[in-house]
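The same chain A turns up in both complexes below, where it pairs with chain B and then with chain C.
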Partner chain A sequence: MVDLNELVDSDRGRVDPRIYTDPGVYERELEFVFGRSWLFLAHDSQLPKTGSFIQTYMAEDPVLVVRQRDGSVKAFLNQCRHRGMRICRADAGVSKTFTCTYHGWAYDLEGNLINVPLEDRAYKGNLDREAWGALKVPRIANYRGFYFGTWSDETPDFEDYLGDMAFYFDAVADRFDSGLEFTAGTTKWVIDCNWKFAAEQFGGDMYHTSISHASGPIALTDQQVVRGDPNLVQGRQFGGDGHGSGGYIYPERNMPPNFFRGQQEHEFTEDHLDEIEARIGDTRMKKVNNHNTIFPNFSWLGFLWTMRVWHPRGPNQIEVWTWSFVPKDATEALKREIREKAQRTFSPAGVFETDDGENWTEVQQVLHGFKARQNTFHVGMGLGHEERNAGGLPGVTNDVFSEVASRGFYRRWHDLLVGKSWKQIQKEEAARVSAIPESQPELAEGAR
Partner chain B sequence: MTENAVIEPLPEVTGRKWSRACTTDEVPEDEGLLLTTLPKTSVFAADGEFYCVDDTCTHETYSLAEGWLEGCIVECTLHNAKFDLRTGEALSPPAERAIAVHPVIVKNNVVYVALPQNYLVKSEQA
Partner chain C sequence: MTTVDQPTPVLSAFRNTDLQTQHTVEQFLYAEAELLDDYRFDEWIDLFTDDVTYWIPNRETRPIRERHLEVAAQDEAAIILDDKFFLKGRVRRITSGISWSEEPPSRARRLITNIRVQPAAKPGELDVRSNFYVYRSRLERHQDWFVGQRFDVLRPADPASGYPFQIANRKIVLEQTTILAPSLTTFL
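Now for the complex of A and B:
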């Protein structure tokens, strides 16, 4: 039996690899980790009108996310209360009611049971329809057009849950006057790996990039910005409340057109420099632009314009659901450029995505071995070199080549898994953060 | 809706009574307008004409005003029964029985419907 208490030691930066493989741990994390966290459901732009819906997942649980008649968004478990069939079998669309295709129990946009075929004859007045509606997601938060849901009453309010990560999320979510939209449709694929490899890497791993992603740029470009020596670049990584955000620091507010920044994007940014600076400030324009995870499984890459959820499918598999996000007032040419960039870099056949998938599936394969699972993994990079509020970046940060976010991710995961109360988790987090030395307002030379 | 609020006399229909249902712009484009009657009735605008029918699907108890409207055909959203608004005929299973269709006259952008005498009509100005 796995001793849950021994699986993660964040103070020393150690994890037991059975956290990626053990079926018992997986069953427990569905309820204690995913069941007690805020999970990304949908973006405003996916639900344009009354009755617009998408089917997504909260971990393994299928949910329908629906635009209501009053403009609000609600969600409920996509499971009929009669024999458990999916109430709605479409991925997305517009509807007025949802009728189970098995026996025809019908539900309204909120998930209330509104009709049962042959009710009088078959149930003879013995069915309390009000008590047999779909299971509703009790709490939904709308953060700048991003909807998150949680099953738990105990979880802190979303902004509290986000903590200092709000500053980093806003670098994309609050960047433009016009707001954001998702490009149409969801791109989905399957990777045979544990969900934590993906979620943790997007939160706290710049370290792999110049090694794992070396070959693509060699084939595609000789530009320094892509192929440069990582010893020469500055950058910071934030880790707090299980979330993570990291990136390089750029000298200019706008990158020149290059492999990563297309001509359209460069011009659009140039035209919107003052707008962006007014909204998020100079610090975020230059220092916050890359890898991010909101705990547990919602991630994005800022300057590559891709967002995704890593839906767990057992301990050994994930479904990746991705969207490109674009400024609402972007030209069609820019939207196309962004989509194409995401396809070229981070998509099922993307140059960099496939590098990541190769690593994660290989790691998972190796963990078939019993010796491999008795091993210990090192998550200790930069341990003890954290700073608080360094260089205008709120919360706890470290060098961009550190694992402050990964340690925070595993700590939060483990605290939830073992069943600590949210109150206790937040109290301990606050104590840990306040014990970290506050840094100078500006990063010293070589603070990377 | 209001009973007998008719300025000009409308043609007499045996066994029926004219009532003011609504203005033409109150009728939505893609669904029906439920009237305050018993049994329930609703008005549809389809292919440039106005229609009034009994609102309840003959298969299960559900409002056709909430249905999907395509041309002169309304489809119940629950189990996909379809009805012709012109004749009331049930066009698609699981419904077999027709819905009742009521005469409609439009004058000065007001929709009048002739409902059977035994239908209860709730007055707006009680």
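Now for the complex of A and C:
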């Protein structure tokens, strides 16, 4: 058995590769990490009317997320209390009740047990229906239309859990007066890798992009792709409370169209400049736009309009569930432009996405070797160069080519895994953050 | 030429196609598969008309009463929704030598079967449905199977091109809702 305490050393930027492979560690992270974190469930737009439901997962646990009669959203384990059969077997839809197809126990939209076949004859008055409803997700947070759930009473409230990441999440979630909507349908596929490779990369890895995704731009333009000198590109990476956000810094609030940015998007932004600035401010319009992970497994790419959950499927596999998102009041032409761009770049056939899966599956393959697993991985980029509240960006940030978010991700993962209390975790985080020098360097603006 | 009476009612799935048309369509689709299997992507891309839509819609598990929602519409999620420009872009990318999910390249073999032909809405064009079973082997021991149905519209081509048709529309419906592969970089 591995010594849990030795697996991660965030102070030195080291991780033990067995965190990606060990079945015992995996079992423990289901309970101690996923079981004690806020997990993304659904976006408002996926549940348009009373009885609208989607089937999703909290880690490996199937849950139904359902729009209630009062407009609220509730979630419960998709497991009949009688013999554990799935209560609902569709991915999505609209329903009044959920009836188990094994013995017929039926549940209402809240997961209450409302009908039991042959109840009088078979149970003779000895079944307390109220006690045998589906297992409810006890805490659900609605943050700007994004629903997150946790099984844990101990986990801090969602906004507290987000911490400084709220500033970065809001750059997307709170950008438009009209709000956001998800494109209908969840695109799902399977990658044979540990979930942490994906979640960590989306939080804290700009470094891979120009190498791994070298061929991506080639698919999007028939012109010669001119690459700027990466030494001159400006950008910052935020890491805090296990979350991460990184991006380049633009000289203007609305950059001209290019192969990443369509004409419709440019025009829409131009028309909404005042609105966006009033909501999120000049700093975020220029400096917060790219890769993000809310711990543990909800990620998005701002400028590519893709969101996803990395559902763990054992230590060696994930299911990727992804959606594109659009401003709710966008024209049909803009919605189409955004949707197609997101699909083209980040989907199972995406001209960027497929490079990521290739890396992660190869890394996981190599970890079959016992020497490979006894190795140590380097997560030390930019260590010691963190700054606090730099250039109008709250929390701890570092160069965009750093691993401040990755170190934070593994630290939070490890703290939860070893069983530290949330109180202790937050106390230690606060102490660490306040020890980092506060600075206000003028962040240079660089064209990209 | 064999004649087979069209059975009634007209909703029958049976399609009677003259042998020559059936044969030409089949040989065209086999030739297309050969180009792909043999990595002749630059020739393959020329088989598509400039106004082509190449579409792999998303698919979900739905109950029978919502079966009509199972395959996504064009304003919903898709795996691929490309025009000729972006389809060409994919070819440029996977032949670039720096596209790491196809460098080294996968080995793929396409089985195209159950080819059914009927006249399309536009005179001269054909609606062609076919089933495919595509096997991909990658690197040391990775393998994927992609199984589904194609809905093609074939348009007569300039005989000088060497091919009888161009593909004016292709919709691909996969049987998997969760794609059991790390990537779909194999053209279907």
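Just so it is clear, the second predicted complex is superposed on the first by the 433 of 448 C-alpha atoms of A that agree within 3 Å, B and C clash if a C-alpha of one lies under 4 Å from a C-alpha of the other, contacts with A are read in each partner's own complex, and residues count from 1 in each chain.
Just so it is clear, a residue touches a chain if its C-beta (ideal position, glycine included) is under 8 Å from a C-beta of that chain, and two chains touch if they have at least 3 such contacts.
Since the structure is predicted, the reported quantities are computational estimates derived from the model, not experimental observations.
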Of chain C and chain B, partner touching more chain A residues: C
Partner chain in contact with A:96 - chain B first, chain C second, else both or neither: first
First (chain B), second (chain C), both or neither touched by A:41: neither
Touching partner for A:335 - first (chain B), second (chain C), both, neither: second
First, second, both or neither for A:405, with chain B first and chain C second: neither
Chain B versus chain C as contact partner of A:390, first or second or both or neither: neither
Chain A-facing residues of chain B, complex: 31, 60-62, 66-68, 77-79
Residues of chain C defined as touching chain A within the complex: 56, 58, 60-63, 66, 69, 72-73, 75-82, 85-86, 88-90, 92-94, 96, 98-101, 139-140, 142, 177-185
Complex interface listing, chain A residues touching chain B: 95-97, 99, 104, 106, 114-115, 117, 119
Complex contacts: residues of chain A adjacent to chain C: 89-93, 183-192, 212, 214-216, 218-222, 319, 323-324, 332, 335-336, 339-340, 343-344, 347-349, 351, 353-355, 357-362, 365
